[in-house]
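Below is one structure, written out as structure tokens; the observations come after it.
Should a chain be cited, it is by its letter among A, B, C and D, assigned in written order, with residues numbered from 1 in that chain.
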Amino acid sequence: MTARESSTSASAPAGHGRVHVVTPAALLGTVAALFALTVVTVVVSRVDLGAMNVVAALGIATVKAIAVAAIFMHLRYEGRFHVVVLVGCAVFAALLVGFVVFDTTRYQPDLRAREAAETRHR
Amino acid sequence: MTRPPLEPLQALIAATPGFMPARATSAAAGVDQIFAFIFWVSAFFLALIVAITVLFVVRYRRRPGRMEPEPTADHDTRLELLWTFIPLALVFAMFAMSTRAYFRMTSPEASTASPLKVSVTGKRWSWWFDHPNGKGAPELHLVKDRPTELVLASTDVIHSLYVPEFRLKQDAVPGRFTRMFFTPTLAGTFPVLCAEYCGTDHSRMAAQVVVHADQASFDAWARQGVDAGASLVEVGRRVFTQRGCAACHSLDGTRRVGPSVKGIWGHEVNLVDGSTVKVDEDYVRESILKPGARVVAGFPNVMPPAALEERDLQGIVAYIQSMGETP
Amino acid sequence: MSGGGGSTPYLAVQFRDMEAQVETGKLGVWLFLGSEILFFGGLFTAYSVYRANHIELFRYAHFFLDWRLGAFNTFVLLTSSLSAAWAVRCAQLGQRRGLRFTLLATFLLAAAFLLVKYFEYSHKLENGIGWGAACHPSAEILASLPDAARALPVPAHLGTFFSIYYLMTGLHGIHVLVGMGLFAWLLRRLPTLGPDHWGAVDGVALYWHLVDLVWIFLFPLFYLV
Amino acid sequence: MTSHAAAVDGPAPSYLRHGRGLRSWLLTFDHKRIAIMYLCAILACVLLGGVFALVLRLNLWNPSGGLVSNDVYNKLFTLHGAVMIFLFVIPGIPAALGNFVVPLQLGARDVAFPRVNLLSFWLFSGGAVFFVATLVAGGIDTGWTLYPPYSLEESRGLGILLALTGVFLLGFSSILTGVNFIATIHRMRAPGMGWFDLPLFLWALYATGIIQIVATPVLGITVGLGFLERVFHLGLFMPEYGGDPVLFQHFFWFYSHPAVYIMILPAMGIVSEVVSVFSRKPIFGYRFIAMSSIAIAVIGFLVWGHHMFVSGQSAWASVIFSFLTLLVAIPSAIKTFNWLATMYKGAIVLATPMIYVLTFFAIFGVGGLTGLFLGTLATDVPLHDTYFVVAHFHFVMVGAVMTAFLAGLHYWWPKMTGRLYDERIGSTSAWVTFVGFCLTFIPQFFAGVAGLPRRYATYASQFTVHNRLSTVGAFILASGLLVALYGLASSLRSGRRAPANPWGAASLEWTAASPPGLHNFDEDPRGVRPYDFTGLRHVSDEAGWVREGAR
């Protein structure tokens, strides 16, 4: 059993030279960590940290996401280019969020002023 | 301002008849200067590209006696870095110049004179300008050399206030205000256009801006026009033109977005729901205050409600009546 | 012709050998998942914009969501991710019974997730909490809110929050549904899957982990903060 | 599955003869047949969009219009834009030419995912059907940019929902094409073919693929949100329900600006191929050209705000976007000068593809340089939404992209069909197209600077001359394109048979038969240096070019 779980699986045909089979320990360990982090994020959210609540929640979610990507999605074992795809796309998504939030928050007073003017009018 | 070095280039562009509109604001000179800079840089590079292309084609065309290319390097990093960094330096210059000018164009002037603040409302397909003394007009009136702030709003869709002579443009967005800051520097009358597509008569959504030579002239304009003693029909005619009703409702029977007002008084019209109604005072009033209530068949339900004063309402009714009844 | 992969009936004509086929398939799935990130990214942008500018909406609407259900669903989905990852392992090692069990478990956990979502949605919709213009909370649900919430006025455009809520959880739910379809498809093809043909299991599992990843972010963003 | 093994003994029948009947085309997994189907569909769309354009130009002959009503005019420019952008310039080069050429240049038997490729074609067709349905349902008059609140008002009717659905399908088609190309280029290269042995067309398509994968999903979500906003009033974009119309513009341009690079990058790739082959010299500065494609793709994502300088975007956002926009000029400049340097001391052959490329230099020069005026904040403010913008993007998207498309179509035509087109007709079409194009769009720059806003059904009489020149030019342009189509179509009947390598090109596709067999190559080839022309010798017009020492 242990031989089959090494990074090159003996049972795989020759073409599968780079196949990695994740061990039960790694799978179970990961899911245990994910469960624990879920509990932590719930507990932390019950404490009022002000703006830090969002930061903490997103931070924990990111750690969980990295765990899933690294172990369940095999990123730890293979394909540096897959990491580039995942991280690259996440970065572009973040840039979209970042730029749009940056801009909308800056022009928001103009929306509020108009809303106030309309309320006055009625 | 770094005006002198570009002045001759700018003058050359400006000298081309019909190339550029007059310069009528504080912003215009700065914009045109940067335009001139980019124009000549571009003209140089375009000429260079075309000249090299033509030259190489003529000299190196494959022809009897010259069937094979001459060996040359397949890359030259120094040369390639040269044509990386020269354009880079040029766009940096453009960016730096333009950003300075842009901030001047989009922020209030640090001037002691109190700004003239005008509220602009865009609606399909007309402009309305509320001047500081409470005077509303379908024309924008400004004073030469007096700093101006326009606060733009829209009641329906996005419009864009554009005066080519001012070199300025700003969208009017429903649900919010947008602002323009500038100082007119040339007295005269210029067209106000809509530059953001807004439907059927987008191209006819035009008005005028009148830049008065001095404050006194502006004040004189602002005082006049309160039509005491005018007949109801005259009041109606004024309101009808000023509020831009004619953009959709023609006076001569032409079919536009809405029904023409010519000869409809007393007429039975078919409605979208299949019923009919007689055009009388009640119906005209309702159609102004609640346009969507009873829409004439064959026309879209797009008219925005207009909260008119009682006298103006009476005026419109009288005006439409004066446009002739059905024989 | 290079490639000595003719030994398996699963080798497509354009590939030189099975390894190339599996690796290429995996790359294709990853690229598609990258695309999915941006697809959800659009909705995360909408969320962030409205949260940044209308925090009062989010504070208030938060009272309508039950974090216990969200947390329960988080555990369900994490477990399903585990079984999906285990299914890949079983396929690689040729453990047919284990593969059947893990695929079935993933399918059922996904169904459980959707069932909980169904109860959440129907509870809201019965109480007038639709999306956008259709959001008019009923008197009962307003009365059932904690005191902290009842002290606040109902904010204007509460429906905008629920638009975002339904959009994000709904799009995620559609992905769960598609995932169930994919696992059902794998179960049907079970006899063909094994050490020389596990690319499909791997691809579906990768997709499923992405669905899990999205939920890992949705849960705190809607139910907790 | 391994039927290609049989092909070793003799030349395989060409892909055109492998299977007969409609089904063998519509359900094919062969990238070459899919490419041909794309080509036919796309050319049909160009004709449709072109007819719209001619009606528009005729209506603008007089300042007050008169040929069609304002509403019809507005619908025509909307559909002209939507059809041309979504059904021609975006899919044109990648889906039609790219699909044909990518596996051949790599020495592969097909793309990585042939089924996905077919699905992509059918999604494209579905999207096109929705566009036609929009037309049948009375058309839409929102402009292709679909800005709310105008586009999502109830009074716009239901056509908008059909159009949004169409765009959604087209988006997915584009994403799948991008996934396929990137996976193919990564994993299907011939043995011995390194990254820097890729023909530059493939680098360009690789960069395009990045954009398709990263930007297009945002288009999908944007039109999806638009659809739901219109039906359910979500309150995201419509101010009436508490939404923000400027937010839509951010979403829209996050895709639609990079989309411009989906259009132009493959065009640049074609130019790189053609300029080298017809100068008979290796491309100058291969790595700079390859990397500048990637740079354009990456920077191109971060410039979308330059469409929003006067839309109510905050000033600082505008400044940042302006800066990033201007940076795109650099990789474009690098490419242009490297192309020119490739011609230096070459042996330039003025075949039709090369003539198209020479006109590309001028057109892209104008298109790119006028972009500087629009990326620069201060000058964009007056020029925004005027005919200057119209002229600029037609120079880039029609001028440059269509010119390169025609260059590529003529260049690979012998490979696709096995026939040589008539050089006289081809070169005539190239010059007529160029003259017509310049006459159409150069006056529009002047109209824009003088202050004529775009999307105007009627205009001030001072612009009559500009518009009439433009209309005359449009008809010259159209006739040039018809000449090109005639030349290509007539070659199918009467063209000479093409040899495997009619141009003396060095990349792998020219080692396959013209037209290639079902699985492209008789034997899986090894990688070659794609711009190494040494040893290529012209044998005869019938036998084409042969590499010395080759069998």
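The rule we apply is simple: a residue touches a chain if its C-beta (ideal position, glycine included) is under 8 Å from a C-beta of that chain, and two chains touch if they have at least 3 such contacts.
Since the model is a prediction, treat every value here as computed from it, not as a measurement.
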Centroid distance [mean C-alpha coordinates] between chain C and chain B, Å: 48
Computed distance of Cα centres, chain C from chain A, in Å: 13
Centre distance in Å when chain A and chain D are each reduced to the mean of their C-alpha atoms: 36
Length of the line joining the C-alpha centres of chain B and chain D, rounded to whole Å: 33
Residues of chain C touching at least two other chains: 23, 27, 31, 34-35, 38, 41-42, 45, 49
Shared interface positions of chain A, touching two or more other chains: 81, 88-89, 92, 96, 100, 104, 107, 110-111
Chain B, residues touching no fewer than two other chains: 175-176, 178
Graph class of chain-chain contacts, one of line, ring, star, complete, other: other
Interchain contacts (touch definition) - all pairs: A-B, A-C, A-D, B-D, C-D
Residue ranges of chain C in contact with chain D within the complex: 1-2, 6, 9, 11-14, 16, 20, 23-24, 27-28, 31-32, 34-36, 38-39, 41-43, 45-46, 49-50, 131-134, 156-157, 159-160, 163-164, 167
Residues on chain B engaged by chain D in the complex (per definition of touch): 18-21, 30-31, 34-35, 38-39, 41-42, 45-46, 49-50, 52-53, 56-57, 60-62, 66-76, 79-80, 83-84, 87-88, 91-92, 94-95, 97-99, 101-103, 105-107, 156-158, 160, 162, 164-165, 167-171, 173-176, 178, 191, 193-204, 300-302
Residues of chain C that touch chain A when the two form their complex: 4-5, 7-8, 17-19, 22-23, 26-27, 30-31, 33-35, 37-38, 40-42, 44-45, 48-49, 52-53, 67, 71, 74-75, 78-79, 81-82, 84-86, 88-89, 92-94, 195-196, 205-206, 209, 212-213, 216-217, 219-221, 224-225
Residues of chain D touching chain B in the complex: 70-71, 74, 141, 143, 147, 149-150, 153, 155, 239-240, 243-246, 279-288, 310-312, 315, 318-319, 322-323, 326-327, 329-330, 333-334, 336-338, 340-341, 343-350, 358, 361-362, 365-366, 369-370, 372-373, 376-379, 381-382, 384-386, 446, 449-451, 453-460, 462, 531
Complex interface listing, chain D residues touching chain C: 1-5, 8, 103, 108-114, 116, 175, 178-180, 182-183, 186-188, 191, 213-218, 220-222, 225, 228-229, 232-236, 241-244, 247, 250-251, 519, 523-524
